[in-house]
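Two complexes are shown next, each including chain A; its partner changes from chain B in the first to chain C in the second.
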Partner chain A sequence: MKKQYVLKKVLQSLVTIFFVIVFNYFLFRIMPGNPLSMIMRNPRASAEAIERTKELFGLGQPWYMQFFIYLGNLFEGDLGLSFIHKRPVIEVVWSRIMPTIIMVGLAQILSIVVGILMGVISAWKRGTKVDVIALSFSLITYSVPTFWLGIILIAIFSIGLRLFPTSGMLTPGRTFYNTLSMIRDYASHLFLPVLTLSLVLIGEYALTMRNTLLDVLTEDYMTTAKAKGFDDNYIIKKHAIPNAMLPMITLIAINMGLIIGGTIQVETIFSWPGLGRLMYEALNGRDYPLLQGIFLLITISVILANLIADITYSYLDPRVKS
Partner chain B sequence: MSTIKKEMRKRKIDSFIKSYKTNKMGLIGGAILAFFIITSIFGPLIFPFNPMEFGQASNVLQPPSASHILGTDDLGRDVFRNLLAGGRVSLMVGILATIISMLLGTTIGLMSGFLGKKTDMILMRITDFFLVLPWLPLVLVLAAILGTSIWNIILVIGLTSWAGTARVVRSQTLSLKERPFIERVRAIGADDKTIIIRHILPNVFPLVFANTILVSAVAILSETTLSFLGLGDTTRASWGMMLHYAFQSGAASSGAYWYFLPPGICVVLVVLSFTFLGYAFDEILNPKLRRR
Partner chain C sequence: MKTKRRIVIMLTIIMVLSMFQTSTFGSQTQEPDAMRIGVTVEIDSLSPLISYSQIGYEVFMLLYDSLITVDENLEPVANLAKNWTLNDDQTEWTFELRDDVQWHDGEPFTSADVVFTYNMLLDSDLGMYSGYLGGIVEVTAPDDHTVIVRTEKPKANMLQNSCPILPEHIWKDVNPDDYMTWPNDEPIGTGGFKFSELRPGEYLKLVANDDYFLGRPGIDELIFVLYANTDTMAQSIKLGEIDAATNFSPSQLDSLQAETDIEAISAVVLGFTELSFNAWDDPSSNANPLLKDIVIRQAIEWSIDKQSILDIVYSGQGSVGTSLIPPEGFYHYEPSADELRDFNIEKANQILEDAGYIDLDGDGIRQDSDGTPLEFTFTLRADNTDEVKAGQMIAGSVAEAGIKLNIETVDDGLLIDKIYSGDFDMFIWGWGTDLDPTTILNVMTTSQIGNMSDSNYSNERYDQLFIEQQTIMDPAERQQVVWEMQQILYEEAPYIILFYDNSLQAVNTAKWSGWKRIPDEGGYFFNLTNYNYLNVQPVSDAAPVESGSNTVLYVVAAVVAVAVVFMFNKKKKAK
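== the complex of A and B ==
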């Protein structure tokens, strides 16, 4: 049963990935004319890039052949040549992955821990001042544009208090005599981006945790537990929270879109040299091959994240059947 | 319309107004939104603003004063006037994009739920596809390809935000379709079109309404983010464009708070007011969905 369910989900994801590839392919060709006309108009495109694009798209061949050529190149990891960087897209993208993983990873851990805690307290103290404050916090952080929050934090912590640098990953031109001083410099650059992204995510996690916990509290087995004479503290810890944690797994996957959106903005504001910043650079340089490559990578990772969440969920919650 | 129906509708509206009046969140949201709608309609008439008209070099990035109550920007333009004009653009984008999204989402949801079978399968696959695609990158890529006029931005936001509405409408349609009153209407001889428009749509509408208001919040945030990231319409002075110029000119590092704070605060307030209204209407109109 379980195997069937997993297989079905994997197949579904593969189909979606295929659609994404098709979508991605046509998206960048909906401009009138061929891909070349789009690239020729870009003053940054070098002769080499134009030649490579011709080759990559198999121009001159019928459209379905062009699509298969694109597909074939894709499977070999060939995403074309970036206009700005004059290097293969795959290389450029690869070099920017690590900073994003570190930044987003830290922000995720921080916001999940704080968000869940806040959600539990909120549900536990429902209707009190603490709950109202937590709810307002969640609603306000939802309404604040991420990049603007970043600007405010820069104005306060970097310009006003001079506690953290405004941008970059390491202080430029500085020589480090030991690893520790380098890590310290790195961490001080990392602090504000992680804080900004976390603030945006905490509210989302807190709100969901609160609502699922409140849903769980009305289940019959909670009444049963109460009837058995367990005290409230025990019931919340042993019965309610474990059950409320389940939907959080799905939320982490659903939140991928939100996280990616936030990352693009945060990295842009703080010049954090990750994928989000790269996307911003690609957008403003109208570097279409690079943009296409990043978009493909992002969408495929979102689909995979959803798949992993679905499978994990099915193993944790025995009620999920095929 | 028969008198009974008229009476029923009137009663419904009366009870809606009654519950709205006691809903704190809804009242606050409504008041904030009304304030911004009024200022965006009349503000630019009283204090006109031309984004292409730059001030003198001596008048650049001036802090608030009697002649410029919110100071001037890096091109010597009056921030307060820009703010009023910006509200008009941002609200317009939000409302028009929402209308596109609502029409698409409702139509697809109704068709999917009512027609079922293959139509349902295909439409729901497309919906899932749009739900799974990460929203901001999609919007950014579409805007970059289509070009950055305000109409393209509205179109892009509308075309990418309907999936949630379609889902909600579909599930509601599915449950309505099985209700006895639909069967009764069908027995009298009503065709599909009549059933959908006269009987299903009015019952789905409250749900769409609450959902739509939440979409408006997303649409306004999208326009702000798009403009900020350099994909905005440079000929329109939206709040997002203000923030874009503020950041580009280094307003944060030069301490020009009067330049980068007001547009951001306005965006937050408007988005918050839509969110409040959305939650309030959801509570009033869909008591079954109410989370305690």
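== the complex of A and C ==
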């Protein structure tokens, strides 16, 4: 039964991914503009050179052939050649993927842990000073513009306290004599972007957690649990949180995917060499293959995150399966 | 048990925080003298056959050498070529090459490299340098240190040819079909700096060439650091994270000028921002045909208050534009008082009135004799907020002359397509120019329609003069011809040159000495020379970078620790 459920979900995900691939492909083709002018940028190019370029980038074929060639290459792991960088898309994307995963991953973990914790405390202490403070904190961080928050954090931590560098991923050009000094340098650069992104996310998680938990806390089975004489800690851990986690899992799953492309602001403030900025550059240069590659990656991560969420549901709440 | 845990947590936090501390502002005494330059555009390729960017030009000037280069007075000087002679009919140049030059990998540099490079560029027609070689018909090498270049006609800009010489022993293995994609990942040149590493999205690092034939540079490591936004970059240079940077905004310049260790300047650069009309006289043109009338184009220029726009939008950084070639160049033509069209709405109204454009229906917009209103689409680049603001001000003042401009903002790529297909009325964009006027003059020739031309302008006399000026060896004589060309353009106004742009740069003078602006009002870099890169020296007794205060660090650590302990206490009490 369980196996069947998982299999069904995996199949559904694969079908979705396929449709997104098809949709993305044509979405970029109907965008206005002639990609050739962006690739060549050479007004003096001869007709022969133009022919050669068309062939190299597969633009000489009719559109349906181009599509099938794209699909065929895709299954071989070949995402085509980036127009701007004149290199395989996979290579270009790969060099930017780790910085994003590390930065976003850390920020997600941090904000999930802190957000849930704050939400729980807030809900449990509803109406007290602690709740008011946590609630205002969440509302403020949730609503401040990311860009502004980043600049303020730079002002405090880089300019005021001189604790962390303003931007970049490693001190540019520095030679590291051992791994530890490199990790240290990396970590000091990582601190502010992660803090900024976490602060923005914590509010969202804390508010959602608080609200759902408040609903759960008024349920009859909570009273029953109390009547049974369990202590508060046990009730929260075993009865309240698992029930309140369902909406959280959904939220986390959605964020996981969106956040890969959605960190453009944080990456721009701190000049972090991630995927968000790459996507923006690709869009500006109408680099279809690169855009398609990044979109595909985002699609897969959204669908994967949702797949994991679906499966997690079935463990957290056995009713979901039926 | 609980207390123990608290202490452990506190210690961990302090340890983690102190780990960061030393890394950022640690002493750099044992480190090489690294100069970090903040830039906002990443190099598009390390191959001179692929790159078309300004930063590419700058970097290739450091990695490679050309036969002739320009000195700090922007005069041609010997570089890879020791000296050169020109034959009597001025079509054969003989360059005698230095014999003490080595490639970065130790191979000797010879005339074969020059022949190979020039032929490769002439055959492939790729990259931003091939245009400099226009007119060359044959390149030969009679011996290892002599190169003979034959041209069809005299070539006036032969000595302004900044084409980098590439190593034959590396490039000969590349299949010509792959030139367009071969990345040249580890460039080998002869220049003052060697390639070290490129981290996409982060930085490009070069190191000093110990064996450079003009002497080792004073900078040990030269690092171009990529910034995604200039606010952060301005803070970085104040903090000493970088030593120099370019592309600041006027307000950032003001705040940098207040710093004692930093010299912040507004430098003239060769370039301009223009309003371009679609003057295409062709059935396939989608432009409003009224724009073919010079009077309308002139009237629009009369109605633009360039000085106010410059002051308001660009905080006065730059100067008001007139003709095609910027005033720093020897070939700049300054319109006479009679010719000059400075801001004058009455004049605009008068010439439109005289030409028969009258507002008959009283809606504030003039019409031609057929009743077609003088209404045009004004395309602006969405990414450039300054140009959008300038465009809005222009539309406002042009309306007072009875001409309606409908603003649309688009992304660069779409505008390029509109230009190529002739589907636009007018737009604002800019050009950077060379020391030699040929490239920018070429933009307005008939043969460039569909290629480099972005106004689809055509004038027979201009085209003739363009060919002529390329072959006049006497600068004074050539200047006359180039002046006439600019006069034609100014009169017919396919472009309204709005401003000559400035570049806002800053350098740290406490850590580095010997900075020189080129020319006198120009910039420290992106000035077409590599003078500062080769000549700037580290200030030996430079005060060490101010180190992050330990007290502050421990205060932060203590606050965090106390907060954590407080939280745990609260939790306990809650039970």
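Quick note on the criterion: the second predicted complex is superposed on the first by the 264 of 322 C-alpha atoms of A that agree within 3 Å, B and C clash if a C-alpha of one lies under 4 Å from a C-alpha of the other, contacts with A are read in each partner's own complex, and residues count from 1 in each chain.
Basically, a residue touches a chain if its C-beta (ideal position, glycine included) is under 8 Å from a C-beta of that chain, and two chains touch if they have at least 3 such contacts.
Small disclaimer: the values here were computed from a predicted structure and weren't measured.
**Student:** With both complexes overlaid on chain A, does A:Ser314 touch chain B (first), chain C (second), both or neither?
**Tutor:** neither
**Student:** Could you look at A:Ser198 and tell me whether it touches chain B, chain C, both or neither (first, second, both, neither)?
**Tutor:** A:Ser198 contacts neither chain B nor chain C.
**Student:** In the overlaid three-chain picture, which partner chain does A:Ile154 touch, first (chain B) or second (chain C), both, or neither?
**Tutor:** both
**Student:** For A:Gln108, select first, second, both or neither according to whether it touches chain B, chain C, the two together, or no partner.
**Tutor:** neither
**Student:** Could you say whether A:Ile140 touches chain B, chain C, both of them, or neither, answering first, second, both or neither?
**Tutor:** In the superposed model, A:Ile140 contacts chain B only, not chain C.
**Student:** Just to be sure I read the superposition right, which of the two partners does A:Val130 touch: chain B = first, chain C = second, or both, or neither?
**Tutor:** Touch status of A:Val130: second partner only.
**Student:** Of the partners chain B and chain C, which touch A:Leu170 in the superposed model: first, second, both, neither?
**Tutor:** second
**Student:** Taking the superposition on A as described, I'd like to know which of chain B and chain C A:Leu278 touches: first, second, both or neither.
**Tutor:** second
**Student:** Of the two partner chains, chain B (first) and chain C (second), which one does A:Arg286 touch, if any: first, second, both, or neither?
**Tutor:** both
**Student:** Please write out, lowest number first, the residues of chain A touched by both chain B and chain C across the two complexes.
**Tutor:** 151, 154, 158-159, 166, 268-269, 284, 286
**Student:** Under the definition above, what is the set of chain A residues touching chain C in their complex?
**Tutor:** It is residues 32-34, 37-38, 41-46, 49, 52-53, 56, 81, 84-87, 92, 95-96, 99, 124-125, 130, 151, 154, 158-159, 161-174, 181, 184-185, 187-188, 191, 231-233, 267-274, 277-278, 284-286 of chain A that touch chain C.
**Student:** For the complex, which residues does chain A have touching chain B?
**Tutor:** Residues of chain A touching chain B: 16, 19-20, 23, 27-28, 30-31, 139-140, 142-148, 151-152, 154-155, 158-159, 166, 211, 214-215, 218, 256-257, 260-261, 264-265, 268-269, 279-280, 283-284, 286, 291, 294-295, 298-299, 302-303, 306.
**Student:** Spell out the residues on chain B that touch chain A in their complex, using ranges where they run on.
**Tutor:** Touching chain A: residues 128-129, 132-138, 140-142, 144-145, 217, 221, 224-225, 228-231, 243, 246-247, 252-253, 255, 257, 260, 264, 267-268, 271-272, 275-276, 291-292 of chain B.
**Student:** Where on chain C is chain A touching in the complex?
**Tutor:** The touching residues are 17, 19-25, 31, 34, 36, 44-45, 50, 52, 124-127, 130-131, 177, 180-181, 183, 196, 199-203, 205, 221, 223, 225-229, 231-233, 235-236, 238-239, 241, 383, 411-414, 416-417, 420, 448, 451-452, 546, 548-549, 552-553, 556, 570, 574-575.
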